[in-house]
Amino acid sequence: MDLGSLLNALILGVSIASIWLIAALGLTIIYGTAGVINMAHGELIMLGAYSSYMLQFYLGLPYLLCLPASFVVVALVGLALERGLIRYLYSRPLDTLLATYGVSLVLMQGVRLIFGSDPKYLAVPEIFQSNVMLGSVSVSAFRIVVLLVTVLLVLALWLLFYKTRFGVQVRAVMQNKEMAAAFGINSGRIYMLTFALGAGLAGVAGALFGVLAIVLPTMGASYVVQAFLMVVVGGGSLAGSVVASGVTGEMQSVFAFFTNDTLARFIIFVLIVAFLRFRPQGLFAQSGARR
Amino acid sequence: MGNLYHNKIAQWVVYVAFFAALAIIPNMVGDSFLLNQFATYCVYGMLALSISLCWGFGGILNLGQGIAFGLGAYGMAMTMQMQSQTESNPIPPFMLNNSLDYLPLLWQPFQSTLLGLILAVTVPTLFCAAFGGIMFRARVSGPFFAIMTLAMLSAFYTIILDRQAYTGGVNGLTPPSAFQFAGVEVDPYSPTAYWVVLFFLTGATFLAKLITQSSFGLVTQAIRDDSERVRFLGYSVAGYETVIYTISGLIAAVAGCCWVMLVQYVSPAQMDVGFSLSIVIWAAIGGRHSLLGSILGALIIQGAQSYLGDTFLATWLLILGGFFIVVVRFLPNGLASLLEVALGLLARPDPTSSPAPDGGRPLPAE
Amino acid sequence: MKITRRNILKSTAAAAAAVSLPQLWIPESSEAWGATLKKGEPIKVGLLFSLTGSLAVPEEDSALVMQYAIDEINKAGGVAGLPIEPVIVDAKSDFAVYSEKAKELILRDKVIALFGCYTSASRKAILPTVMQRDHLLYYPTCYEGAECTQNTICTGPLANQHSQDLIPFMVQQFGKRVFFVGSNYVWPKESNKNAKVWLEKAGGELLGEEYIPLSSSEFGPLLNKIRDANPDFIFSTVVGASDIAFHKQFKQEGFKVDKMPIASLTTGEIETRAMGAEFGAGHFLSAPYFQSLDTPTNQKFVESFLKSKYGKNGTTHYNMEETYTSAYVFKAGFEKAAAAVGFENVTPRIIRDHSGGIRVEDDVSPEGLIWIDENNFNTWLKPKIGQCQADGTFKIVKAAEKHVAPDPYSIYPDVGLCTKDGLKAPDGKIRKSVI
Amino acid sequence: MSGLLEIQRLSKSFDTTKVINDFSMEVVEGTVCCLVGPNGAGKTTTMDLITGRIKPTSGKIIFANEDITAKHEHLIARAGIGRKFQVPAVLRDMSVRQNLEVAYSRQTNPFRNLLKFHKPGLTAKLDEVATLAGLTGRLKERAGILSHGETQWLEIGMVLMQEPRLLLMDEPIAGMTESEIEKTARIFKDLRKSATLLVVEHDMGFVREIADVVVVMHMGSLLAQGSIQEIEADLRVRDVYLGEQEVA
């Protein structure tokens, strides 16, 4: 147990954090803006992985192009979902939680019917299949890809929300829907677009997770609770999710280094519950009126 | 006369009729498999009831009811496991496989059946009281509380999986023989087992029904409606929420005990997120504002799963998910609200009829 | 359920005569399998596998190959002249549903035997029911042992058989320093205990032992630990989707298969196909069966199975083969029992009691001759070691010369010995069923 | 004679903005005290502070010789302070009768209420309040369907059911008709016999009608205090507040 190993663990923590964060990004956007707890988020991630698989398998699309393509495909699914179901439920937050759970069952079983329950895999270029040595520290090339994609997406989202007209409108709707409407902002449209955006982000996450692990109809389930906790701990804001994922990712890596993976998970769950006991609004709560 | 659905007397009549119907089942069914299955459904009904009480009446969405159910089930399974250990082999076999050659402290109380049963019910109840107390005092509510229960559930799931020597890990506990109490063996396929479960279901339902119609029930419904307002009337919202969450946990713990008595098995799967969510689905489809509706929701969904699940093998989850979406979207109060509307239509055509003697006052939203 | 007194008397007498042992266990509830077989009616067996949910990946294949085997047996004249009729149910990857469906098959459909389960957890979930009804479960996969009942017949390797050859082979080929990795549950832990015995004999050195949560796909921390320990090879009992993530991240983190191969008890043809052959190539697997096994029986089996309507997955693997042979173990056991007690007196328990020593010969069993142990009712078989090739098939690099005996309590001599009447403790006491 | 409610040097800041600034006042038992001031003067915030909805940055609130500053809302309510909100807050999914019944909060212990079906004195009190609030014919209706005026009455009724020693009324007559206002004034004056009232109101006519004492707030501080005549004569008050009213 020397310092080099601990350094390795810390660097790995950054990577785990980026994985947790990218899984939670879409959820953060959707929850932060519309207050919708989207239980189908895991299945949107799964759809992202399957759309990459389809594009690769049937159209021969190179992997790196699958990422944006999955974004588009899943964003469209998200759009349909919002128009067809979610928009009727904005005033009933607990019911959206339930309805989206129904959606997750349908998506999971639908994919199983179409693709079968045997796992699929995503082929990636050979350079992503190995590691890079940074001094004495070894890092997997693909983990770097995940980290880069996550950083890029966070930057893009930050620009979108804080530097564009759309971002101003979103924040206006978050603060006060009626007031925003008075300024001619169509809150329905804003909700629709953010939902599609959040879904698309889940799609990108899925395309990445399909390479790290496995493409299965049930793959989404393992990410959804974790992603939720990131969003809730973060308080529903972009910065909150970044910090929450960063801290928990590092904790997971360091605890696993000192104990084992299972115990590390348990400790994190308990710490999260304890944290929210003292700060139920999360790290950086949105200044919106929601309580 | 108002809607018969809201008539207190009519409600009690229906409740009594429902349980009378359940009570004659053993006379109608000679098939021990069916009887065991019905009894299992009744356990699910108890779970749906507990969710209805806590969510439908208290407004507390609990996605972690598996905690109370699972802890109760583990307590019962430990009790039954110890019943089948003898002087010459005092240690459950799975512990030997995990290199434990003594009975851990955690297991020792379960050597006594009575103490074991008491622990199986009190531990989950006390957990709910503590967890609920802490969370509600911090004013964690609504979706946040739901997510907290999920986190807590996942924590339990993880630790039970990990502490294999004490819990049997993913394999769970499989007490090899039927539960014995006061010298009587409760064969899970016998009418006795069914009676025991039905007794607890009936008891829990009538207790819950009384609670919802009491002053306490009125206050919890007020809290569901607008918890902020109720504080200013002098009620401790956290106190009421904790009590109803705890009672709901108690019912789930009893259900857990009954379940293990029937299936002689428990595993972390009972603390899986999916199982706890399906309890919520039963209550939502049946109608969370109606105790009986929730119970029926559990019976209908589980019955359909058992009997239609194999017919529509591939599409069953699709059907269930779709049905659930439709209910949430169009019938937020579940199938029970269909009855409410139907009876409402019956009542409407005759607006001139004289008011009922008691003033026909609307009841706590049943 | 109707049990006439005559029936009980008859079957008790028949069974007692058959096994000629004083203490034959008739369950107290005496509602043991309450049906009788009738001439001219098909013999019903239950297929209890998960066709949906996360366990469907291995179990759906098992259900398919079982149907194939039943078709094949029926075409060849059936069992004791009667066709087998499979009752197929879906356990939905939910252990509670396994329990419910087992009851349904036993009590409602009155099947004469169950074929099913893949995970130990599902087996444990149904065993209380199976035992109380004195029924019979054919459990067609590998498991950890440490179980002794009157009601199961297993056709897969036990933990003591599984790694007996693999560990010495790896130590010899790659070096003596090894790291154990497993999913966090009973089977990997038990398998590792057995492996430690073989490791010690082979003069190996255990550098570390780590367990990963069952559904986890994050192997970063674990691979860091392995990198620090720098073993000569990794011994893996990681299962399911996790296993695929493990192999992928192994390569992505820059581990080299020729320097530090993974010796696995699970990573077979299905897993390799799911992860992509480039991640599987070079690693080792111990199993009694490989699709590439070069025997006429196997070639015929693979060819005709893949051509049949059940072969849509395009692969055969050890788990499917063990399921396939279990059908023949059942056929032989049933016929032997019927010959001994008369067709209409056959009960699940009588089949089991007649199954000791049953052989599935070279010309039927794709993995080659196997037979059922007369004491513990597990299977004598020859574990083989295969190395995954670049195309995803396995090349057999070593096959056991002799059959290896199954011993469910090999590492627990203090607990006792599994005999046909139950677990015999060192003090001579016998406990009928220990799970 | 000391006041039933004493507010001593109360301050409250949100982030950097001081909303209440060193504000003191007292309400004498058996009087109707009106709290007036322009929008944003801190009237509703003061109500929130008294009832414990928010906690002050500094200062003290004494009720019946007891410091209630740091107490939870429900304990303050139990101590005898009832509150009607500015935006009427009734339990919209419950019937009018149930609203009143819940407000009859003599017994607040959840365990004691668990299997309690009969509350002594409820029927009489409910009849009395329902009659007073003119809701006798509406008892079975869902509170959510009431008109704005009726909703106001219902909430006033709820406060009355509580039988508090001090009633806080935040804009009780908004949305009422002339005749209803008159009736309200009459009731409030009657209530003085058994309770004390602190009323936040914009309508100076109504204030003139009922107030024994008027307290004027401005920018979170006390501007003036006295009888209605004194206040109306006060030039500073005219400047900041009443002037606007006359123009409007």
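Labels A, B, C and D are assigned to the chains in the order they are written; within every chain, residues are numbered from 1.
As a convention for this text, a residue touches a chain if its C-beta (ideal position, glycine included) is under 8 Å from a C-beta of that chain, and two chains touch if they have at least 3 such contacts.
Note that the structure is a prediction, hence the values are computed from the model and not measured.
*Asks:* Of all chains present, which has the mean Cα position farthest from that of subunit D?
*Replies:* Farthest from subunit D by mean C-alpha position: C.
*Asks:* Let me have the rounded angstrom distance from the C-alpha centre of subunit A over to the C-alpha centre of subunit C, please.
*Replies:* Going by mean C-alpha positions, subunit A sits 39 Å from subunit C.
*Asks:* Averaging only over C-alpha atoms, locate the centres of subunit B and subunit D and give their separation in whole Å.
*Replies:* Centres of subunit B and subunit D (C-alpha means) sit 43 Å apart.
*Asks:* Mind checking the centre-to-centre distance between subunit B and subunit C? Centres are C-alpha means, answer in whole Å.
*Replies:* 36
*Asks:* Averaged over CA atoms, how far is the centre of subunit C from the centre of subunit D? Could you give it in whole Å?
*Replies:* 75
*Asks:* Can you list every residue of subunit D that touches 2 or more other chains, as numbers and ranges?
*Replies:* Residues of subunit D never touch two or more of the other chains.
*Asks:* What are the residues of subunit C that contact at least two other chains?
*Replies:* Within subunit C, residues 52, 184, 213 contact more than one other chain.
*Asks:* Counting only residues that touch at least 2 other chains, which ones in subunit A make the list?
*Replies:* 109, 112, 221, 262, 265
*Asks:* According to the definition of touch, which chains form touching pairs?
*Replies:* Pairwise, the chains that meet the contact rule are A-B, A-C, B-C, B-D.
*Asks:* Contact residues on subunit B for subunit D in the complex?
*Replies:* 2, 210-211, 213-216, 218-219, 221-222, 224-226, 228-237, 239-240, 243, 359-362, 364-365
*Asks:* Name, in rising order, each residue of subunit A that touches subunit B in their complex.
*Replies:* It comes out as residues 37, 85, 88-89, 92-95, 97-99, 101-106, 108-110, 112-113, 221, 225, 228-229, 232, 262-263, 265-266, 269-270, 272-273, 276-278, 280.
*Asks:* Spell out the residues on subunit C that touch subunit A in their complex, using ranges where they run on.
*Replies:* 52-54, 56-57, 60, 184, 210-213, 215-218, 220-222, 224-225, 227-228, 241, 244-245, 248-249, 251-254, 270, 273-276, 278, 313
*Asks:* Can you check the complex and tell me which residues of subunit B touch subunit A?
*Replies:* Per the touch definition, subunit B meets subunit A at residues 61, 134-135, 138-140, 142-144, 146-148, 150-152, 154-155, 158-159, 161-162, 273-274, 277, 280-281, 284, 314-318, 320-325, 328-329, 332.
*Asks:* Mind pulling up the subunit C residues that touch subunit B in the complex?
*Replies:* So the residues of subunit C touching subunit B come out as 1, 28-29, 31, 51-52, 89-90, 92, 94-96, 99-100, 103-104, 106-108, 119-121, 124-125, 127-129, 131-132, 144, 146, 184-186, 189-190, 213-214, 412, 415, 425, 427, 429, 431, 433-435.
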